[in-house]
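Can you keep this structure in mind? I'll have questions shortly.
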(Lines give C-alpha, C1' and ligand atoms only; values in the text may rest on other atoms or scores of the structure.)
Protein backbone atom coordinates (compact mmCIF):
# COMPACT_ATOMS: atom_id res chain seq x y z
CA UNK A 1 0.00 0.00 0.00
CA UNK A 2 1.06 3.59 -0.45
CA UNK A 3 0.42 6.71 1.57
CA UNK A 4 -1.28 9.54 -0.32
CA UNK A 5 -2.84 12.94 0.19
CA UNK A 6 -6.36 13.43 -1.14
CA UNK A 7 -6.09 16.36 -3.57
CA UNK A 8 -9.48 16.72 -5.20
CA UNK A 9 -12.41 15.10 -6.94
CA UNK A 10 -12.95 13.66 -10.40
CA UNK A 11 -16.28 14.14 -12.16
CA UNK A 12 -17.28 11.77 -14.95
CA UNK A 13 -20.83 11.50 -16.26
CA UNK A 14 -20.17 9.07 -19.13
CA UNK A 15 -18.56 6.05 -17.43
CA UNK A 16 -18.68 2.28 -17.00
CA UNK A 17 -21.86 1.17 -15.20
CA UNK A 18 -19.99 -0.25 -12.20
CA UNK A 19 -18.64 3.22 -11.39
CA UNK A 20 -22.13 4.63 -10.77
CA UNK A 21 -22.27 5.92 -7.22
CA UNK A 22 -18.56 5.52 -6.58
CA UNK A 23 -16.67 8.47 -5.16
CA UNK A 24 -13.51 9.16 -7.18
CA UNK A 25 -10.65 11.13 -5.67
CA UNK A 26 -7.49 12.53 -7.22
CA UNK A 27 -4.68 11.51 -4.86
CA UNK A 28 -0.98 12.29 -4.64
CA UNK A 29 1.22 9.42 -3.32
CA UNK A 30 3.64 10.39 -0.52
CA UNK A 31 6.79 8.88 0.91
CA UNK A 32 9.08 9.58 3.81
CA UNK A 33 12.06 11.85 3.38
CA UNK A 34 14.09 12.79 6.42
CA UNK A 35 11.44 13.77 8.99
CA UNK A 36 8.43 14.47 6.85
CA UNK A 37 6.20 13.04 4.13
CA UNK A 38 6.75 14.42 0.64
CA UNK A 39 5.10 13.82 -2.77
CA UNK A 40 6.40 10.61 -4.39
CA UNK A 41 5.60 9.77 -8.03
CA UNK A 42 2.63 10.95 -10.07
CA UNK A 43 -0.98 11.57 -9.07
CA UNK A 44 -3.71 9.02 -9.70
CA UNK A 45 -7.42 8.38 -9.18
CA UNK A 46 -8.77 6.06 -6.48
CA UNK A 47 -12.19 4.91 -5.32
CA UNK A 48 -13.07 5.80 -1.73
CA UNK A 49 -14.41 3.07 0.56
CA UNK A 50 -13.69 4.69 3.94
CA UNK A 51 -15.50 8.05 3.58
CA UNK A 52 -12.44 10.25 3.49
CA UNK A 53 -12.25 13.86 2.34
CA UNK A 54 -10.02 16.29 0.50
CA UNK A 55 -6.90 17.02 2.56
CA UNK A 56 -6.84 13.66 4.36
CA UNK A 57 -3.72 11.52 4.49
CA UNK A 58 -4.83 8.06 3.37
CA UNK A 59 -3.61 4.56 2.62
CA UNK A 60 -4.53 3.01 -0.73
CA UNK A 61 -4.20 -0.38 -2.38
CA UNK A 62 -3.46 -1.05 -6.07
CA UNK A 63 -3.90 -3.85 -8.59
CA UNK A 64 -6.20 -6.84 -8.22
CA UNK A 65 -6.20 -6.35 -4.43
CA UNK A 66 -8.14 -3.13 -5.02
CA UNK A 67 -11.14 -5.34 -5.90
CA UNK A 68 -11.14 -7.02 -2.46
CA UNK A 69 -13.60 -4.55 -0.88
CA UNK A 70 -17.40 -4.69 -0.97
CA UNK A 71 -17.65 -1.48 -3.00
CA UNK A 72 -15.12 -2.48 -5.66
CA UNK A 73 -15.79 -6.22 -6.01
CA UNK A 74 -15.74 -7.43 -9.66
CA UNK A 75 -15.34 -3.83 -10.86
CA UNK A 76 -12.75 -2.41 -13.29
CA UNK A 77 -11.06 -0.61 -10.37
CA UNK A 78 -7.30 -0.73 -9.79
CA UNK A 79 -6.90 1.67 -6.84
CA UNK A 80 -8.96 1.95 -3.66
CA UNK A 81 -8.55 4.03 -0.50
CA UNK A 82 -8.69 1.62 2.46
CA UNK A 83 -7.74 3.76 5.48
CA UNK A 84 -7.40 7.27 6.85
CA UNK A 85 -3.96 7.67 8.43
CA UNK A 86 -3.74 9.21 11.91
CA UNK A 87 0.04 9.13 12.18
CA UNK A 88 3.20 7.69 10.69
CA UNK A 89 5.92 7.19 13.30
CA UNK A 90 9.62 6.74 12.59
CA UNK A 91 11.89 6.02 15.58
CA UNK A 92 9.00 6.95 17.88
CA UNK A 93 8.45 10.37 16.34
CA UNK A 94 5.59 11.31 14.02
CA UNK A 95 6.48 12.31 10.46
CA UNK A 96 5.23 15.73 9.38
CA UNK A 97 2.20 15.46 7.08
CA UNK A 98 2.50 16.69 3.50
CA UNK B 1 -6.89 4.55 -12.28
CA UNK B 2 -5.02 7.22 -14.18
CA UNK B 3 -6.17 10.26 -16.11
CA UNK B 4 -5.11 10.36 -19.76
CA UNK B 5 -5.64 12.31 -22.94
CA UNK B 6 -6.67 10.32 -26.02
CA UNK B 7 -3.98 11.05 -28.62
CA UNK B 8 -4.75 8.84 -31.61
CA UNK B 9 -5.67 5.45 -32.96
CA UNK B 10 -3.77 2.20 -33.41
CA UNK B 11 -4.38 0.06 -36.50
CA UNK B 12 -3.49 -3.64 -36.40
CA UNK B 13 -4.76 -6.13 -38.97
CA UNK B 14 -2.79 -9.17 -37.75
CA UNK B 15 -3.82 -9.56 -34.11
CA UNK B 16 -5.13 -11.93 -31.45
CA UNK B 17 -8.70 -13.04 -32.22
CA UNK B 18 -10.14 -11.45 -29.08
CA UNK B 19 -9.07 -8.00 -30.30
CA UNK B 20 -11.33 -8.20 -33.37
CA UNK B 21 -13.76 -5.31 -33.22
CA UNK B 22 -12.05 -3.59 -30.31
CA UNK B 23 -11.24 0.09 -30.65
CA UNK B 24 -7.62 0.76 -29.68
CA UNK B 25 -6.49 4.23 -28.67
CA UNK B 26 -3.04 5.67 -28.05
CA UNK B 27 -3.32 7.57 -24.78
CA UNK B 28 -1.02 9.84 -22.80
CA UNK B 29 -1.37 9.61 -18.99
CA UNK B 30 -1.71 12.95 -17.17
CA UNK B 31 -1.21 14.12 -13.62
CA UNK B 32 -1.81 17.29 -11.68
CA UNK B 33 0.91 19.90 -11.41
CA UNK B 34 0.11 23.19 -9.77
CA UNK B 35 -3.21 24.21 -11.36
CA UNK B 36 -3.28 22.13 -14.50
CA UNK B 37 -2.97 18.61 -15.84
CA UNK B 38 0.31 17.75 -17.53
CA UNK B 39 1.70 14.64 -19.28
CA UNK B 40 2.92 12.05 -16.76
CA UNK B 41 4.95 9.01 -17.84
CA UNK B 42 4.95 7.34 -21.25
CA UNK B 43 2.12 6.78 -23.72
CA UNK B 44 0.27 3.47 -23.96
CA UNK B 45 -2.56 1.72 -25.79
CA UNK B 46 -5.97 1.10 -24.22
CA UNK B 47 -9.23 -0.50 -25.31
CA UNK B 48 -12.24 1.82 -25.36
CA UNK B 49 -15.44 0.70 -23.64
CA UNK B 50 -17.13 4.09 -23.21
CA UNK B 51 -17.16 5.39 -26.82
CA UNK B 52 -14.67 8.19 -26.34
CA UNK B 53 -12.80 10.06 -29.07
CA UNK B 54 -9.45 11.63 -29.84
CA UNK B 55 -8.89 14.69 -27.67
CA UNK B 56 -11.04 13.48 -24.76
CA UNK B 57 -9.73 13.44 -21.19
CA UNK B 58 -10.43 9.94 -19.90
CA UNK B 59 -9.97 7.63 -16.94
CA UNK B 60 -8.40 4.22 -17.54
CA UNK B 61 -7.79 1.07 -15.52
CA UNK B 62 -4.74 -1.22 -15.74
CA UNK B 63 -3.81 -4.79 -14.91
CA UNK B 64 -6.24 -7.63 -14.25
CA UNK B 65 -8.96 -5.09 -13.40
CA UNK B 66 -8.92 -4.07 -17.07
CA UNK B 67 -10.64 -7.40 -17.78
CA UNK B 68 -13.63 -6.55 -15.54
CA UNK B 69 -15.73 -5.02 -18.35
CA UNK B 70 -18.03 -6.81 -20.78
CA UNK B 71 -15.89 -5.90 -23.79
CA UNK B 72 -12.56 -7.04 -22.28
CA UNK B 73 -13.65 -10.10 -20.25
CA UNK B 74 -11.17 -13.04 -20.54
CA UNK B 75 -9.15 -11.10 -23.13
CA UNK B 76 -5.40 -10.40 -23.17
CA UNK B 77 -6.09 -6.73 -22.38
CA UNK B 78 -4.25 -4.84 -19.64
CA UNK B 79 -5.62 -1.30 -20.11
CA UNK B 80 -9.21 -0.15 -20.65
CA UNK B 81 -10.81 3.30 -20.80
CA UNK B 82 -13.69 3.31 -18.30
CA UNK B 83 -14.85 6.94 -18.20
CA UNK B 84 -14.80 10.30 -19.94
CA UNK B 85 -13.77 12.99 -17.46
CA UNK B 86 -15.86 16.17 -17.28
CA UNK B 87 -13.75 17.91 -14.65
CA UNK B 88 -11.04 17.44 -12.05
CA UNK B 89 -11.45 19.81 -9.11
CA UNK B 90 -8.74 20.69 -6.59
CA UNK B 91 -9.74 22.92 -3.68
CA UNK B 92 -13.02 23.65 -5.46
CA UNK B 93 -11.37 24.87 -8.66
CA UNK B 94 -11.16 22.91 -11.92
CA UNK B 95 -7.71 21.91 -13.16
CA UNK B 96 -6.84 23.09 -16.67
CA UNK B 97 -7.06 20.25 -19.20
CA UNK B 98 -3.90 19.10 -20.98
CA UNK C 1 -0.84 -2.50 -23.80
CA UNK C 2 2.38 -0.95 -25.00
CA UNK C 3 3.86 -0.50 -28.44
CA UNK C 4 7.27 -2.09 -28.97
CA UNK C 5 9.80 -2.83 -31.64
CA UNK C 6 10.99 -6.45 -31.94
CA UNK C 7 14.75 -6.29 -31.50
CA UNK C 8 15.99 -9.87 -31.44
CA UNK C 9 15.61 -13.39 -30.14
CA UNK C 10 16.33 -15.06 -26.80
CA UNK C 11 17.72 -18.59 -26.71
CA UNK C 12 17.32 -20.67 -23.56
CA UNK C 13 17.84 -24.43 -23.50
CA UNK C 14 17.40 -24.96 -19.74
CA UNK C 15 13.95 -23.55 -19.01
CA UNK C 16 10.58 -24.21 -17.39
CA UNK C 17 8.67 -26.96 -19.22
CA UNK C 18 5.82 -24.65 -20.26
CA UNK C 19 8.24 -22.54 -22.30
CA UNK C 20 9.09 -25.47 -24.62
CA UNK C 21 8.19 -24.45 -28.15
CA UNK C 22 7.47 -20.82 -27.27
CA UNK C 23 9.13 -18.15 -29.38
CA UNK C 24 10.82 -15.55 -27.16
CA UNK C 25 11.59 -12.09 -28.49
CA UNK C 26 13.61 -9.24 -27.03
CA UNK C 27 11.44 -6.15 -27.47
CA UNK C 28 11.94 -2.43 -26.90
CA UNK C 29 8.83 -0.53 -25.75
CA UNK C 30 8.07 2.67 -27.70
CA UNK C 31 6.00 5.76 -27.05
CA UNK C 32 4.96 8.82 -29.01
CA UNK C 33 7.07 11.94 -28.93
CA UNK C 34 6.15 14.80 -31.20
CA UNK C 35 5.55 13.14 -34.58
CA UNK C 36 7.34 9.85 -34.20
CA UNK C 37 7.67 6.78 -32.00
CA UNK C 38 10.74 6.64 -29.78
CA UNK C 39 12.15 4.09 -27.30
CA UNK C 40 10.39 4.32 -23.91
CA UNK C 41 11.71 2.48 -20.84
CA UNK C 42 13.85 -0.63 -20.78
CA UNK C 43 13.82 -3.70 -23.02
CA UNK C 44 12.04 -6.91 -22.04
CA UNK C 45 11.26 -10.42 -23.27
CA UNK C 46 7.83 -11.41 -24.59
CA UNK C 47 6.24 -14.56 -25.97
CA UNK C 48 4.99 -14.31 -29.56
CA UNK C 49 1.46 -15.49 -30.35
CA UNK C 50 0.93 -13.65 -33.64
CA UNK C 51 3.91 -14.87 -35.71
CA UNK C 52 5.78 -11.59 -35.84
CA UNK C 53 9.44 -11.08 -36.75
CA UNK C 54 12.45 -8.99 -35.88
CA UNK C 55 11.92 -5.38 -36.94
CA UNK C 56 8.12 -5.45 -36.58
CA UNK C 57 6.26 -2.83 -34.57
CA UNK C 58 4.00 -4.78 -32.22
CA UNK C 59 1.50 -4.43 -29.40
CA UNK C 60 2.08 -6.44 -26.22
CA UNK C 61 0.18 -7.16 -23.02
CA UNK C 62 1.67 -7.52 -19.53
CA UNK C 63 0.74 -9.08 -16.20
CA UNK C 64 -1.95 -11.71 -15.63
CA UNK C 65 -3.63 -10.64 -18.89
CA UNK C 66 -0.61 -12.07 -20.72
CA UNK C 67 -1.96 -15.52 -19.79
CA UNK C 68 -5.26 -14.94 -21.62
CA UNK C 69 -4.08 -16.44 -24.94
CA UNK C 70 -4.12 -20.11 -25.99
CA UNK C 71 -0.32 -20.31 -26.16
CA UNK C 72 0.33 -18.74 -22.72
CA UNK C 73 -2.62 -20.14 -20.69
CA UNK C 74 -1.59 -21.23 -17.16
CA UNK C 75 2.07 -20.53 -17.97
CA UNK C 76 4.58 -18.44 -16.00
CA UNK C 77 4.46 -15.76 -18.72
CA UNK C 78 4.01 -12.05 -17.94
CA UNK C 79 4.37 -10.50 -21.41
CA UNK C 80 2.85 -11.59 -24.73
CA UNK C 81 2.81 -10.01 -28.18
CA UNK C 82 -0.83 -9.81 -29.31
CA UNK C 83 -0.72 -7.78 -32.53
CA UNK C 84 1.43 -6.46 -35.34
CA UNK C 85 0.87 -2.73 -35.73
CA UNK C 86 0.22 -1.35 -39.22
CA UNK C 87 -0.04 2.29 -38.21
CA UNK C 88 -0.43 4.66 -35.29
CA UNK C 89 -2.29 7.82 -36.23
CA UNK C 90 -2.30 11.07 -34.27
CA UNK C 91 -4.56 13.87 -35.56
CA UNK C 92 -5.06 11.89 -38.76
CA UNK C 93 -1.34 11.58 -39.52
CA UNK C 94 0.75 8.43 -39.08
CA UNK C 95 3.55 8.55 -36.52
CA UNK C 96 7.01 7.68 -37.86
CA UNK C 97 8.07 4.18 -36.85
CA UNK C 98 11.07 3.73 -34.57
CA UNK D 1 10.32 -9.86 -3.93
CA UNK D 2 12.23 -6.82 -2.78
CA UNK D 3 14.51 -6.22 0.17
CA UNK D 4 13.47 -3.40 2.49
CA UNK D 5 14.34 -1.81 5.79
CA UNK D 6 11.49 -1.40 8.29
CA UNK D 7 11.35 2.34 9.04
CA UNK D 8 8.34 2.87 11.26
CA UNK D 9 4.69 2.23 11.95
CA UNK D 10 1.46 3.48 10.43
CA UNK D 11 -1.53 4.21 12.64
CA UNK D 12 -5.01 4.24 11.14
CA UNK D 13 -8.17 4.09 13.24
CA UNK D 14 -10.70 4.55 10.39
CA UNK D 15 -9.91 1.71 7.99
CA UNK D 16 -11.35 -1.20 6.01
CA UNK D 17 -12.61 -3.97 8.32
CA UNK D 18 -10.11 -6.54 7.03
CA UNK D 19 -7.24 -4.38 8.29
CA UNK D 20 -8.37 -4.70 11.93
CA UNK D 21 -5.56 -6.28 13.91
CA UNK D 22 -3.03 -6.08 11.09
CA UNK D 23 0.35 -4.57 11.85
CA UNK D 24 1.26 -1.93 9.26
CA UNK D 25 4.88 -0.93 8.71
CA UNK D 26 6.42 1.88 6.69
CA UNK D 27 9.25 0.24 4.74
CA UNK D 28 12.02 1.51 2.48
CA UNK D 29 12.99 -0.81 -0.40
CA UNK D 30 16.73 -1.47 -0.78
CA UNK D 31 18.96 -2.72 -3.55
CA UNK D 32 22.58 -3.68 -3.95
CA UNK D 33 25.12 -1.10 -4.99
CA UNK D 34 28.77 -2.05 -4.99
CA UNK D 35 29.26 -3.78 -1.64
CA UNK D 36 26.31 -2.56 0.35
CA UNK D 37 22.53 -2.23 0.34
CA UNK D 38 21.17 1.25 -0.38
CA UNK D 39 17.67 2.78 -0.56
CA UNK D 40 16.00 2.00 -3.92
CA UNK D 41 12.76 3.73 -4.97
CA UNK D 42 10.11 5.21 -2.70
CA UNK D 43 8.80 4.07 0.68
CA UNK D 44 5.60 2.07 1.02
CA UNK D 45 3.37 0.39 3.61
CA UNK D 46 3.30 -3.39 4.10
CA UNK D 47 1.45 -5.81 6.37
CA UNK D 48 3.65 -7.87 8.68
CA UNK D 49 3.15 -11.65 8.81
CA UNK D 50 6.50 -12.67 10.29
CA UNK D 51 6.61 -10.58 13.50
CA UNK D 52 9.41 -8.26 12.46
CA UNK D 53 10.32 -4.94 14.05
CA UNK D 54 11.56 -1.47 13.21
CA UNK D 55 15.15 -1.62 11.96
CA UNK D 56 14.91 -5.14 10.53
CA UNK D 57 15.98 -5.93 6.98
CA UNK D 58 13.06 -7.81 5.45
CA UNK D 59 11.79 -9.39 2.25
CA UNK D 60 8.36 -8.38 0.98
CA UNK D 61 5.99 -9.50 -1.77
CA UNK D 62 3.75 -7.26 -3.88
CA UNK D 63 0.61 -7.55 -5.98
CA UNK D 64 -1.88 -10.42 -5.88
CA UNK D 65 0.82 -12.67 -4.40
CA UNK D 66 0.64 -10.54 -1.25
CA UNK D 67 -2.74 -12.18 -0.58
CA UNK D 68 -1.23 -15.69 -0.46
CA UNK D 69 -0.64 -15.69 3.32
CA UNK D 70 -3.09 -16.65 6.05
CA UNK D 71 -3.17 -13.11 7.47
CA UNK D 72 -3.80 -11.36 4.16
CA UNK D 73 -6.07 -13.87 2.36
CA UNK D 74 -8.95 -12.18 0.46
CA UNK D 75 -7.93 -8.79 1.88
CA UNK D 76 -7.31 -5.52 0.00
CA UNK D 77 -3.57 -5.85 0.71
CA UNK D 78 -0.93 -5.43 -2.00
CA UNK D 79 2.29 -5.69 0.04
CA UNK D 80 3.24 -8.18 2.76
CA UNK D 81 6.47 -8.84 4.65
CA UNK D 82 7.28 -12.55 4.29
CA UNK D 83 10.76 -12.91 5.79
CA UNK D 84 13.42 -11.37 8.01
CA UNK D 85 16.74 -11.33 6.17
CA UNK D 86 19.83 -12.60 8.00
CA UNK D 87 22.29 -11.94 5.21
CA UNK D 88 22.65 -11.14 1.53
CA UNK D 89 25.80 -12.60 0.02
CA UNK D 90 27.43 -11.51 -3.23
CA UNK D 91 30.46 -13.49 -4.43
CA UNK D 92 30.59 -15.14 -1.01
CA UNK D 93 30.75 -11.88 0.93
CA UNK D 94 27.86 -10.36 2.90
CA UNK D 95 26.52 -7.00 1.69
CA UNK D 96 26.55 -4.23 4.27
CA UNK D 97 23.06 -3.57 5.67
CA UNK D 98 21.42 -0.19 5.05
CA UNK E 1 9.79 -11.38 -18.63
CA UNK E 2 13.05 -9.62 -17.95
CA UNK E 3 16.65 -10.68 -18.37
CA UNK E 4 18.76 -10.59 -15.22
CA UNK E 5 22.14 -11.55 -13.89
CA UNK E 6 22.22 -13.69 -10.74
CA UNK E 7 24.25 -11.67 -8.22
CA UNK E 8 24.09 -13.57 -4.96
CA UNK E 9 22.01 -15.38 -2.38
CA UNK E 10 19.56 -14.26 0.29
CA UNK E 11 19.49 -16.02 3.66
CA UNK E 12 16.37 -15.81 5.82
CA UNK E 13 15.74 -18.11 8.75
CA UNK E 14 12.51 -16.47 10.00
CA UNK E 15 10.19 -16.59 7.01
CA UNK E 16 6.74 -17.56 5.77
CA UNK E 17 6.26 -21.37 5.83
CA UNK E 18 5.84 -21.62 2.05
CA UNK E 19 9.37 -20.31 1.55
CA UNK E 20 10.92 -23.29 3.37
CA UNK E 21 13.25 -25.05 0.97
CA UNK E 22 13.05 -22.38 -1.71
CA UNK E 23 16.29 -21.02 -3.12
CA UNK E 24 16.31 -17.22 -3.10
CA UNK E 25 18.63 -15.28 -5.38
CA UNK E 26 19.46 -11.59 -5.55
CA UNK E 27 19.23 -10.68 -9.23
CA UNK E 28 20.02 -7.58 -11.28
CA UNK E 29 17.70 -6.97 -14.27
CA UNK E 30 19.47 -6.24 -17.58
CA UNK E 31 18.46 -4.65 -20.84
CA UNK E 32 20.04 -4.15 -24.23
CA UNK E 33 22.03 -1.04 -24.97
CA UNK E 34 23.87 -0.80 -28.26
CA UNK E 35 25.62 -4.18 -28.57
CA UNK E 36 25.63 -5.42 -25.02
CA UNK E 37 23.45 -6.11 -22.00
CA UNK E 38 23.63 -3.56 -19.19
CA UNK E 39 22.03 -3.26 -15.73
CA UNK E 40 18.47 -1.89 -15.98
CA UNK E 41 16.54 -0.77 -12.89
CA UNK E 42 17.05 -1.95 -9.32
CA UNK E 43 17.96 -5.38 -7.95
CA UNK E 44 15.34 -7.76 -6.60
CA UNK E 45 14.93 -11.23 -5.09
CA UNK E 46 13.56 -14.19 -7.09
CA UNK E 47 12.83 -17.85 -6.40
CA UNK E 48 14.82 -20.32 -8.51
CA UNK E 49 12.95 -23.13 -10.28
CA UNK E 50 15.53 -24.01 -12.94
CA UNK E 51 18.62 -24.76 -10.79
CA UNK E 52 20.67 -21.76 -11.85
CA UNK E 53 23.73 -20.35 -10.09
CA UNK E 54 25.45 -17.09 -9.27
CA UNK E 55 26.79 -15.47 -12.44
CA UNK E 56 24.16 -16.96 -14.77
CA UNK E 57 22.14 -14.81 -17.15
CA UNK E 58 18.52 -15.76 -16.55
CA UNK E 59 14.96 -14.96 -17.53
CA UNK E 60 12.44 -14.22 -14.78
CA UNK E 61 8.69 -13.69 -14.52
CA UNK E 62 6.91 -11.26 -12.19
CA UNK E 63 3.47 -10.79 -10.68
CA UNK E 64 0.75 -13.42 -10.45
CA UNK E 65 2.41 -15.33 -13.32
CA UNK E 66 5.29 -16.07 -10.94
CA UNK E 67 2.93 -18.48 -9.16
CA UNK E 68 2.40 -20.59 -12.30
CA UNK E 69 5.25 -23.04 -11.54
CA UNK E 70 5.12 -26.18 -9.40
CA UNK E 71 7.54 -24.76 -6.83
CA UNK E 72 5.74 -21.41 -6.39
CA UNK E 73 2.07 -22.47 -6.71
CA UNK E 74 -0.22 -20.70 -4.18
CA UNK E 75 2.83 -19.10 -2.52
CA UNK E 76 3.40 -15.43 -1.68
CA UNK E 77 6.02 -15.23 -4.45
CA UNK E 78 6.05 -12.43 -7.04
CA UNK E 79 9.26 -13.22 -8.97
CA UNK E 80 10.53 -16.56 -10.27
CA UNK E 81 13.49 -17.51 -12.46
CA UNK E 82 12.14 -19.62 -15.35
CA UNK E 83 15.12 -20.05 -17.69
CA UNK E 84 18.87 -19.85 -18.08
CA UNK E 85 19.73 -17.77 -21.12
CA UNK E 86 22.27 -19.14 -23.60
CA UNK E 87 22.24 -16.17 -25.95
CA UNK E 88 20.40 -13.00 -26.90
CA UNK E 89 20.73 -12.20 -30.60
CA UNK E 90 20.06 -8.83 -32.21
CA UNK E 91 20.29 -8.64 -36.01
CA UNK E 92 21.92 -12.08 -36.00
CA UNK E 93 24.69 -11.13 -33.60
CA UNK E 94 24.88 -12.13 -29.93
CA UNK E 95 24.71 -9.33 -27.34
CA UNK E 96 27.64 -9.19 -24.92
CA UNK E 97 26.68 -10.56 -21.51
CA UNK E 98 26.74 -8.21 -18.49
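First chain written, first letter: the chains are A, B, C, D and E, and each begins at residue 1.
Operating definition for what follows: contacts are C-beta pairs under 8 Å (C-beta built on N, C-alpha and C of every residue); 3 or more make two chains touch, one makes a residue touch a chain.
Quantities reported herein were computed from a predicted structural model and do not represent experimental measurements.
Q: Could you grab the centroid distance between subunit A and subunit E? Build each centroid from C-alpha atoms only and quote it in angstrom.
A: 32
Q: When the C-alpha atoms of subunit A and subunit B are each averaged to a single point, how far apart are the two points in Å?
A: 20
Q: Considering subunit D alone, which of its residues make contact with at least two other chains?
A: Residues 63-64, 66-67 of subunit D each touch two or more of the other chains.
Q: Looking at which chains touch which, would you call it a line, ring, star, complete or other?
A: Topology of touching chains reads as a ring, each chain with two neighbours.
Q: Following the ring of touching chains from subunit A through subunit D, in what sequence do all chains appear?
A: Listed round the ring from subunit A, with subunit D adjacent next, the chains are A, D, E, C, B.
Q: Can you name the residues of subunit E that touch subunit D in the complex?
A: Subunit E residues touching subunit D: 7-16, 18-19, 24, 26, 28, 42-46, 54, 63-64, 66-67, 74-79.
Q: Flag every residue of subunit B that touches subunit A in the complex, lowest number first.
A: Residues of subunit B touching subunit A: 1-3, 29, 31-32, 40-41, 49-52, 59, 61-69, 80, 82-91, 95.
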